[in-house]
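Note that the chains are named A, B, C, D and E in the order they appear, and that numbering of residues resets to 1 at the start of each chain.
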Amino acid sequence: MPVPPTGTAMPEIQLKDVEMRYPTGNTEVLALHQVSMDIAKGEFVSLLGPSGCGKTTLLRLMADLLEPTTGSITVAGESARAARLARKYGIVFQSPVLYDWRKVRHNVALPLEMMNVPKKEREERAMALLELVGLQRFADKYPWQLSGGMQQRAAIARALAMEPEILLMDEPFSALDEFSRERLNEELLSIWSKVQNTIVFVTHSIPESIFLSDRVFVLSPHPGRLSAVVDIPLPRPRTPEMRNSPLFFELIARIRDSFEGV
Amino acid sequence: MPVPPTGTAMPEIQLKDVEMRYPTGNTEVLALHQVSMDIAKGEFVSLLGPSGCGKTTLLRLMADLLEPTTGSITVAGESARAARLARKYGIVFQSPVLYDWRKVRHNVALPLEMMNVPKKEREERAMALLELVGLQRFADKYPWQLSGGMQQRAAIARALAMEPEILLMDEPFSALDEFSRERLNEELLSIWSKVQNTIVFVTHSIPESIFLSDRVFVLSPHPGRLSAVVDIPLPRPRTPEMRNSPLFFELIARIRDSFEGV
Amino acid sequence: MRAGTLFMRHRLVPVLVWVAVILVLWEAGSWALLNLAGVPLAQSKLPYVHAIVTTSVQYSGTLLKEGSATFGNAAIGFIIGAAAGVLLAILMSVSRWIERLTFPYAIASQMIPILGLAPIIYGIVRDEYISRIIISGYITFFPVALNMLRGLRSVEPSALELMYSYAAKPWSVYWKLRLPAALPSLFSGLKIAAPLAVTGAILVELMGAQHGIGVIMLRNLYYGPSHVYMFWSTVIVGALLGILSYWVISLIERLASPWQPEFRTRGGER
Amino acid sequence: GCGSSSNENTSAAGQTGSAEASTEPVTVKLQLKWVPQAQFAGYYVALDKGYYKDEGLNVEILPGGPDIVPEQQVAGGSADIGVDWVASLLTSQEQEMPLVQIAQIFQKSGLVLISKKSAHIQSPADLKGKKVGNWMGGNEFEVLALFDKYKLDPNKDLSFTKQGFTMDQFLNGELDAASAMTYNEYQVAIESGVKADDMNVIDMNKEGVAMLEDNLFANSEWLANNKETAAKFVRASLKGWQDAINDPEGAVDIVMKQAESGSTTKEHQLKMMQEVAKLILPEGFDKAKMGYTDGTMFKQTADIALQFGVIKQASDTQKAYTNEIMDMATQSK
Amino acid sequence: MENRYPNAPSATEASNHSAPPDPPALPSAYRSSSQSASQARSDPRHSPFLRMLVNSSSIWLPLLAGVLFLLLWQLEVFHHILDLKKYQLPLPSAIANAMLDNWSMLLSYTGYTLTEAVLGMLCGSALGFVIALIATAWPRWGGASLIVVATMNAVPIVALAPVMNLWFGDGIGSRVAIVTVTTMAAMAINAYKGMTSVHPLALDLMHSYAASRIDTFRYLRIQNSLPHVFTALKINATASMIGAIVGEFFFSSQGLGYLLSNSIKVAKMPLGWSCIVLAAIAGVIFYLIVERLEKVFIRWHSSQRI
């Protein structure tokens, strides 16, 4: 069971007054303004917010793929950079980013290859993960021979392959149908409860964020900033039936309100 | 008001026993098996189905971007090819496909440029459409300076720019948050009621397909085939309140059932 | 099997037709130049194809022997030049500083013609065979380096970020991402360089080699218009070596990077 | 310079010095000015008939070409002995290349200016206003001297342009007068259908502006320790030349072995051999003097070179050439 | 340090779990870009002056290296190490002297050769581009034209020179023709790759507009080929110079190539090398101009994003 966030324990991911400006020609885009947040170790949080509000930016900052213009980001007490160098991150990007020259299973095995996992083991792991996302039949195809949703599933399998301490997922399921999506939601939770890693999950679906998370961070745009943090007091393990519970609907309404309050 | 499908009028899009096999190395992938459907002129239909069932393939076949292995496709009595050459199609692909070297507004104006619309007019149209999708502030940015959802919105604006007789949309709103999505759903319907074009809309969201369509085609995978066609008897114009009507929920359940029956 | 025949039917027939058309036009042009225009040295300007063919057949033994000697030298020069080009490109892609430092000099070095370079190379290595190989490598390396550098630099930002998120060592970034991604560009460079290597080998043969197409090319030029057909035969042999090298590289490209959009099998031809 | 190649050569030569008595063959590399042809028949004959071997030498003949400067090769140690024109040797010597002439094979100049009768160039004075070609790069000084003799300024009175190593420019009328070697380009013109009667020929020897051409020169550092070897080489080479002059057909057969079939014809090489023979043993020339450097002709060559800025300082003829090797070669016969 | 992407996370990365965290003052190559650019105005350390200095490092660094190189050369260090003689590689001072002595001639010859190179390169690149267009537009029948060009690329200048001399005379035309032939292939092959390696969906988009072949080129293929085209132009900038120079060896009576070959044959190595030096300077400038143009024309390309 993940530890609920407490004020005392050292947060796994901590942002302090983070501001991000993208230089574009002679002007700048203020993508994030004064964002501060703490995410506890083993916590599952979601980022919700309208398109262009800075969710991807925030994720990239946490992953040390960008550096904040001002403010600081610490991961387990160290810099985000140190965490990245320690290979703590697994990332699912908003687009699949598969390597064209690798077959699907070699794409999935890529992070394992980078960590020098023996060939046999990583092949097995890759195949198991492909089965999890329902792509075992397509293991020997090239990425461009897959449908959009299948590519995204391959990318998810790839991120899960390395069992990262911190899993950053940018709208991983948005290209999937509801059934696949719900199934993968449950799979993700079951993996998470086993591995006990920290997950930051970007989504546009309020029910999805509620079903998965301990807390939901709501962002608002122009400039991107944190407008609300909603605790999800649903018990763990979560079951599909919870989706129909009154609490669930109440939470949906609450988050929707915090949205509209923007 | 769109004309509901009748058995007598000539269908705008007609597929007869369409079969699609992709050659892959030495084997073949059977992507679509014996698909037949009629879509009336001015009709709004949705394609629903799990990931990899052949929705994109079907759309590409209708657009004459692929040729069926067997079977025939006619559009307004002619071949799909003739329809394409007559520039009847506007397409929103599953990924945005914006040209890196064009600013956002020039990307949106691209189809107008190709149809020799005068510069002033197309600039105005592009800006109006960008406003519609909420990107007016980003008109002068390059595509890679936009967020994922913003890129997709630009692609939607581009497809709307040419007011096509047949609009094919492949999961256009999947990268968008619920609010943007619902707003754009309504905008799309209002445009459609004005232009009276035929729309084929791929989505994973059952509510979305119901809210928008006259009919919902449900596809099932392995191999992709048509498993159900659901009429949506909701009156036009559709209003947001309808989403909470009992009929709406009933339709959701019916489609879900037809899904599960697969 | 099927791909093979497909390849043949799609590629070979047009090439053959082209060759036929060019040869007929050439022959006609030659005839016109000789009989209608009445310009001096008409046969030197555009000799009869049939005469070249006859000469080539007559001396096919020599041409074959010298041609293969040249091709062998070209191959060695090409491999060395290509390797050097790839290496330089990798070095320059590692850091813009290295590029800034080495690139102007790489360009400048290309401006030293063999005539000026030869004494230096001879002076340094003191072995004519090695010098010749170095020189023909020197001719081929530049296009490879530039194309490879472009390829290494044009990697998709997001693909790079993936590597970055794995804290990939530079070595892995190259091995698993940049190099495969640069293959299409590299092959463009190699396609330019391969025929150039033949040029280089011929050029190098003018520096006192005993054998090679270049040697007979030179002699036939030198001994005058009575040797035009033989001279043109050597030119044709050189050109054929160029085709051969180009074709070999294209074939390797298909095998080494089949994922490229050009090579993908598509459902339904457009 | 420590560890320089010349030193390597010296040490190698030191060994050969002691080895000269033994049976171990000494390697000598000869760098030609141009491609293998009858112009160099003597060396090929000597090689083919084993004259070098008889002297205990293992001779390697390196072909030349348009991009080969024999002086560079010999000075740099790629070859031990080279063949070039005297004027080129003088310029190289002025650049402090360690080179010394050890024999003069051609006693006369083979350079002529040819023109079609239609160009009306009866005498050199008629060159005024004409387009005259030469290969340049060290081959042009005789022609410049000719212009000078007739008070023609090559920059004003006529157009003195570069001629390629083909005769095309002459044949298609691009050049009014072209440079030609009696033994090659002149023959090429004739073989291409220009009749000898249709050509005017200006002979540098007759005009008194001749310079010495094909010689033998050696790397002086190498020579210092290999005089005996050089003498053997020259002796065998002269023997080869004599054979070649006596039996041109046989010599050409040997030369033809060096030429890939189709790259030249036996007829052409035979013509070349005959013309070359006239340069080596001009009419009335003392056969015993074959190979010796004629002091006055050398001086004339050096003077012309100085006059035209080929060299900046008068050549020290004492250092530029030596007949010592020739003496050794002829005496110890 | 203006690299945007982590094309090479430093060698210590990933292996230093236990190593102390990097000092924050030392940003990785990756981030310095977004940072330095975005902070340019807000951070006083990034004054325009400082930035100019940093940017101009791209000039003074190679320059410094060049000066060092010249120094080692002048002090005969290279000659010593490689056992070269001054008549094989003359000293910079001798080259400079030869250059001063023949300055006006060298200048006019440089102009002459550069004219040939630029004209030939423009013709060759244009032709190569057209060939790529044809090969892309009609892959089946036009594809062979690529092979024809590649074939001509295998004909050496020694063979080209006499033929072009026959066809175009011994004036500037024959060298322009030589350079044209030698620069065609690089452009044709690269432009072809650029035009054919378009994203399949981008092509589909054009098809959906029923774009004519011409439109597909105008709106998609040509832009997509630009990065490749510029690579070809860079190759050709140098290839054209060397083509013109070598072309001049054989028939020309002017130009750097003519002077170079003459000088080397009469052992005037310093004069020969002053030709090489001028050719190198002209070639580098030519190249840099093309590179500047590239920066202007394909700002959008991922290899150019700041």
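Please note the rule applied: a residue touches a chain if its C-beta (ideal position, glycine included) is under 8 Å from a C-beta of that chain, and two chains touch if they have at least 3 such contacts.
The UniProt protein names, listed by chain, are A, B = ABC transporter ATP-binding protein; C, E = ABC transporter permease.
Being a predicted model, the structure only gives us computed values, none of them experimental.
Asker: Which other chains touch chain C while also touching chain D?
Answerer: E
Asker: Which is the least count of steps on a path of touching chains running from chain A to chain C?
Answerer: 1
Asker: What chain pair shows the greatest number of contacts?
Answerer: The largest set of C-beta contacts joins the chains C-E.
Asker: Could you please state the distance in Å, as a whole number, between where the Cα atoms of chain A are centred and where those of chain E are centred?
Answerer: Roughly 45 Å, centre to centre.
Asker: Between chain B and chain D, tell me the centre distance in angstrom, where each centre is the average of that chain's C-alpha atoms.
Answerer: Once rounded, the distance between the two centres reads 84 Å.
Asker: Measuring centre to centre with CA averages, how many angstrom lie between chain A and chain B?
Answerer: That gives a centre separation of 29 Å.
Asker: CA centre of chain D versus CA centre of chain E: separation in Å?
Answerer: Whole-Å distance between the two chain centres: 42.
Asker: At least two partner chains per residue is the criterion; list those residues in chain C.
Answerer: 41, 44, 114-115, 119, 122-123, 156-157, 161, 164, 167-168, 203, 206, 218, 221, 264, 266, in rising order.
Asker: Can you tell me which residues of chain D touch two or more of the remaining chains?
Answerer: 5, 66, 69, 72, 76, 165-166, 168, 172, in rising order.
Asker: Using the touch definition from the top, which residues of chain B touch two or more other chains?
Answerer: Each of 22, 24, 57, 95, 144 in chain B touches at least two other chains.
Asker: Across the complex, what residues on chain A touch chain C?
Answerer: Checking each residue of chain A against chain C gives 60, 63, 65, 84-87, 89-91, 93, 95, 97, 99-101, 110-111, 113-115, 142, 144, 162.
Asker: Residue numbers of chain C touching chain E in their complex, please.
Answerer: Chain C reaches chain E through residues 10-11, 14-15, 17-18, 22, 41, 44-45, 93-97, 100-101, 103-105, 107-116, 119-120, 122-124, 142-143, 146-147, 150, 152-157, 160-161, 163-164, 167-170, 173-174, 178, 184-185, 188, 191-192, 194-196, 198-199, 202-203, 206, 214, 217-218, 221, 231, 234-235, 238-243, 245-247, 260-262, 264, 266, 270.
Asker: Along chain E, where are the residues that touch chain D in the complex?
Answerer: Of all residues in chain E, those touching chain D are 80, 83, 85-88, 158, 161-162, 165-166, 169-170, 249-253, 258, 261-262, 264-269.
Asker: Over in the complex, which chain B residues touch chain A? Could you list them?
Answerer: Residues 22, 24, 29, 48-52, 55-57, 94-95, 141, 145-150, 153, 170-171, 174-181, 204-206, 259 of chain B touch chain A in their complex.
Asker: Going by the contact rule at the top, pick out the chain D residues touching chain E in the complex.
Answerer: Interface residues on chain D, with respect to chain E: 1, 3-5, 66, 69, 71-72, 75-76, 88, 91-92, 94-97, 136-138, 160-166, 168-169, 172, 174, 310.
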